[in-house]
Amino acid sequence: MQLGVIGLGRMGQIVVERVLDAGHDVVAFDLNSEAVTTAAEAGAETAEGPVDVLDRLGDERRVWLMVPAGEAVDATLDELAPHLRERDVVVDGGNSHFEASVRRAERVDAAYLDCGTSGGPAGAELGFSLMIGGPAWAYEEMTPVFDAVATGPEGHGHMGPAGSGHYVKMVHNGVEYALMQAYGEGFELLFEGRYDLDLESVARTWNNGAVIRSWLLELCEEAFREEGSDLGDVADHVAGGSTGTWTVQEALEQEVPVPLIYQALAERFASREERFSRRLANRLRYGFGRHEVARE
Amino acid sequence: MQLGVIGLGRMGQIVVERVLDAGHDVVAFDLNSEAVTTAAEAGAETAEGPVDVLDRLGDERRVWLMVPAGEAVDATLDELAPHLRERDVVVDGGNSHFEASVRRAERVDAAYLDCGTSGGPAGAELGFSLMIGGPAWAYEEMTPVFDAVATGPEGHGHMGPAGSGHYVKMVHNGVEYALMQAYGEGFELLFEGRYDLDLESVARTWNNGAVIRSWLLELCEEAFREEGSDLGDVADHVAGGSTGTWTVQEALEQEVPVPLIYQALAERFASREERFSRRLANRLRYGFGRHEVARE
Amino acid sequence: MQLGVIGLGRMGQIVVERVLDAGHDVVAFDLNSEAVTTAAEAGAETAEGPVDVLDRLGDERRVWLMVPAGEAVDATLDELAPHLRERDVVVDGGNSHFEASVRRAERVDAAYLDCGTSGGPAGAELGFSLMIGGPAWAYEEMTPVFDAVATGPEGHGHMGPAGSGHYVKMVHNGVEYALMQAYGEGFELLFEGRYDLDLESVARTWNNGAVIRSWLLELCEEAFREEGSDLGDVADHVAGGSTGTWTVQEALEQEVPVPLIYQALAERFASREERFSRRLANRLRYGFGRHEVARE
Amino acid sequence: MQLGVIGLGRMGQIVVERVLDAGHDVVAFDLNSEAVTTAAEAGAETAEGPVDVLDRLGDERRVWLMVPAGEAVDATLDELAPHLRERDVVVDGGNSHFEASVRRAERVDAAYLDCGTSGGPAGAELGFSLMIGGPAWAYEEMTPVFDAVATGPEGHGHMGPAGSGHYVKMVHNGVEYALMQAYGEGFELLFEGRYDLDLESVARTWNNGAVIRSWLLELCEEAFREEGSDLGDVADHVAGGSTGTWTVQEALEQEVPVPLIYQALAERFASREERFSRRLANRLRYGFGRHEVARE
């Protein structure tokens, strides 16, 4: 099978390599010529631009977009759209908002598959988890490619119609925030608590047989191994937050309570600046109780 | 009526003055001789120590303790206990834990009234809110004194048996934490949000007729007037927390969910140091996504 | 001064009456003819429709809209817009989203004041709290009317440019949710806790001098008086939620953590149906621990 | 090596079998004679009581207690204590509170190892995760047994001095509550949300390569397979809560904020009865806004 890949960043290169490894052919393009060279060295045919990718694919035109969510997806589709036909398949493997994917699916003549991709750089070896929305026939047709990019046949699933893949991925990320914070609270209590513990050893012991074992806990173990039980100079500052924000927004829309996901997101916001609310509480305690006001 | 007052800090002096103002007699003692002098200048008779307070009171021996919660209460009771008789009345007006009050009530021969006191320094003029537990007859007998110390007959109530006064006060304080944090969140959003607002003016407008008007909101208005809409150099550091901790502990025991009170308490803890949980989240994002780790 | 009032529901009638009581003239209209009759009986001149209101106002055309937020506001503006002139003033006293108010302010030729109104039915006697956004000159010109509708000069404020009035009102409501839930947690703990308490008496004692006294606490006192300490047949079901949802949405946008407001909103959602998350937890406890699954 | 096992419930039997499978000898006792028979059939020597277990062990007396946390542990120790010697080793493999373990370690003459055990019934095949506190020499000496009961050498660890094993297990369980609730929130949103999803398929896709893959997520997958995407008749009622309560209590003591763990615990409490706080909010909305009160 032939696959066009547009967008050759870290994730795009993994897609290229895993598809090639599975014995398929790849036509690759990126605005960055170094990235194109890397793909070529891996065995991909290279193209001059999005439309050239299409042109080089022959009759079965399947294109995987692995460009940053947002404008880059629309810009690429702007170029591709006039050339797309009904039997073509376009996969968006990025972190697009599900509503953008629904809109794009309606806009292009090709079958449009929104594909939530999870697993990070570790996916290079293990393969990813792929949550896919869009027309069932296109999902079926692409199965050999998904088998290659995912951890195998179990690592991808057809979630439902357009947008459902990115919808499930959005919720995945919301849960991810909460899991990270949950582990964080546990380790914070162990760190601040009564015993002087080796947190790498704790994480290792848990990862072997305990109810809370998980891949994120393996990453905790790795973090303590590399940074020490006190996390060294790692700062109290958590970046990111867009997919978590989307999850909470959708939960508000659906009137579904997600207090843990919300709180995990709020912790990220809180890590980025002083809390005005707490400064006011500090001051109010003087107001009603003449407690001394801490000042900077 | 005659009242002994032991403990002449800020709150104790207010008790002395309000009781004198109401036409009663006061016998006052404190370990600090300056505080005793202040009480004398206000018109109180002074005593040499706790037992001397009792001795000077004649037949109707009613003593109000306004000493710091904890050991100071027990130390004072240690002195008083051998001299107390069944018809004596001891009031603990401090922030004692309700279980300590139950224990003390059992220990002394006198009627023991645990009296939660709220209102802060502002109570000097307005009077306090008094939540009182213990024997009903003792509460009745003390009514003239409670009328004087409280805002009036409406400002005190007999909650129930021993411990119930401090129990209600404990819950009052838990609610207080949550109210402060709730206003804080609102003002934080207004401060960080889309408009450049005069927060004193917002608070004033709200205090005049809005659903959320309250005394704490009047203190917010005062804080913005005195510190500015940006709260000047007021630090992101909230001290205190014992009564809020007791409230959450009791709610755990009773299996009653109190997420807002808990969160308000947790904000105080969080204001006092870096969050290890967030430092771990920062590091984990590298683990699964190769996001750059912010370091100090 | 003359004021047109369009929308004569409970809140609109209060506006009519308070403005008449202050010695001004009112031209009133509502789609419901009974409501128009009520306003006429109170002393208002009546009109046939929105444009007729304008026509009857002479040179100084000031119109207060008190219609349901959303389509009703736009429908009324659709009728008024072609007739509005630069020096006219339109007030939207309803619970509109601030972004809708910004859009409407741009759309009409008149000065557009977005006016957050708080106080509920109790405002009939006391007057409301009015948070007002829009052109300063229009706010100044309307001051006599705002003095009448609000609790007085202290009860209204010019928050800033278009949208800021409804913005501040939105945040007010978010805080309101959290305050209600905070009191609710406290009373829940008292109700479920160790003592058999008269919650009306607790609320009354608190309302007289305690730090947490407030108008909402007076409403709690009233609720316990009317329903009993166990709240009788009042259901565990909280309706409403739109302004709280807006507050959380804006806080997400501004990346401001509002965990208490969020949690109070989530409690409303949670009161309306079974929690799937808890049903899953119930089942998972069997998965890892063979704990019996509770079934319906 | 020889091991005495006292307490032959589900978990105790697994200990017996895994230790026998590893080639060691077991002397087993339980108050329930059927359980003793089961252990005998598996190849264990049986004893008449706790002291008889000791007597049958010869010189190297190592006893594993797998009885319910609380009084049963103390009752067993009451019997054993007079017969224990300095070089004996007692392991408490149950869910004891760490402070009880510290107290017991001081009380007995033997080396006392507090051993947090995680993994549930699945541990029968895979082995458990064992978090162990107490004297290092005793931990070393017991290593062959721990290798057998745990998933292997990686599945157990010496956390630190007396109590540290149960301390780490306590925090493990707190994290477990939060993880379960985090997954629950995600699946609740997917269930209530915009798409009609097969949640078993979602869980399977996630378990193969996604960042949030874990053993608990495998249990979610199993639950959806067995109960359906709507969880059938599984009730909104979550039992249990003691170790989570301990975790929050310790976090209060240490002033460490654990909002996710707290919230997960609070959800359990909330699942068990109506929320008074929400009933009050329902009623208050009438108070300030004349919103209709939902009644039962």
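Order of writing sets the chain letters: A, B, C and D. Residues in each chain are counted from 1.
We adopt the following convention: contacts are C-beta pairs under 8 Å (C-beta built on N, C-alpha and C of every residue); 3 or more make two chains touch, one makes a residue touch a chain.
Chain labels with UniProt names: A, B, C, D = 6-phosphogluconate dehydrogenase, NAD(+)-dependent, decarboxylating.
Remember, it's a predicted structure, so these values are computed and weren't measured experimentally.
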Along the shortest chain of touching chains, how many steps lie between chain B and chain C? 1
Using C-alpha centres only, name the chain that sits farthest from chain D. C
Where the centres are mean C-alpha positions, what is the separation of chain B from chain D, in Å? 40
Measure off the straight-line distance from the CA centroid of chain A to the CA centroid of chain B, and report it in whole Å. 49
Residues within chain C bordering two or more other chains: 119-120, 181, 183, 185, 188, 192, 211, 215-216, 255-259, 263, 267, 270, 275, 288-289
Please name which positions on chain D make contact with chain A in the complex. 98, 118-120, 123, 126-131, 133, 150-152, 154-161, 163-164, 167-168, 171-172, 174-176, 178-179, 181-183, 185-186, 188-190, 192-197, 201-202, 204-217, 247, 250-251, 254-261, 263-264
Residue numbers on chain B that touch chain A, as the complex places them: 10, 119-122, 180-181, 183-185, 187-188, 191-192, 215-216, 219-220, 222-223, 227, 231, 233-240, 259, 267-268, 270-271, 274-285, 287-296
Contact footprint of chain D on chain B as seen in their complex: 211, 241, 245, 248-249, 252, 255-259, 262-263, 265-267, 269-270, 272, 275, 288-289
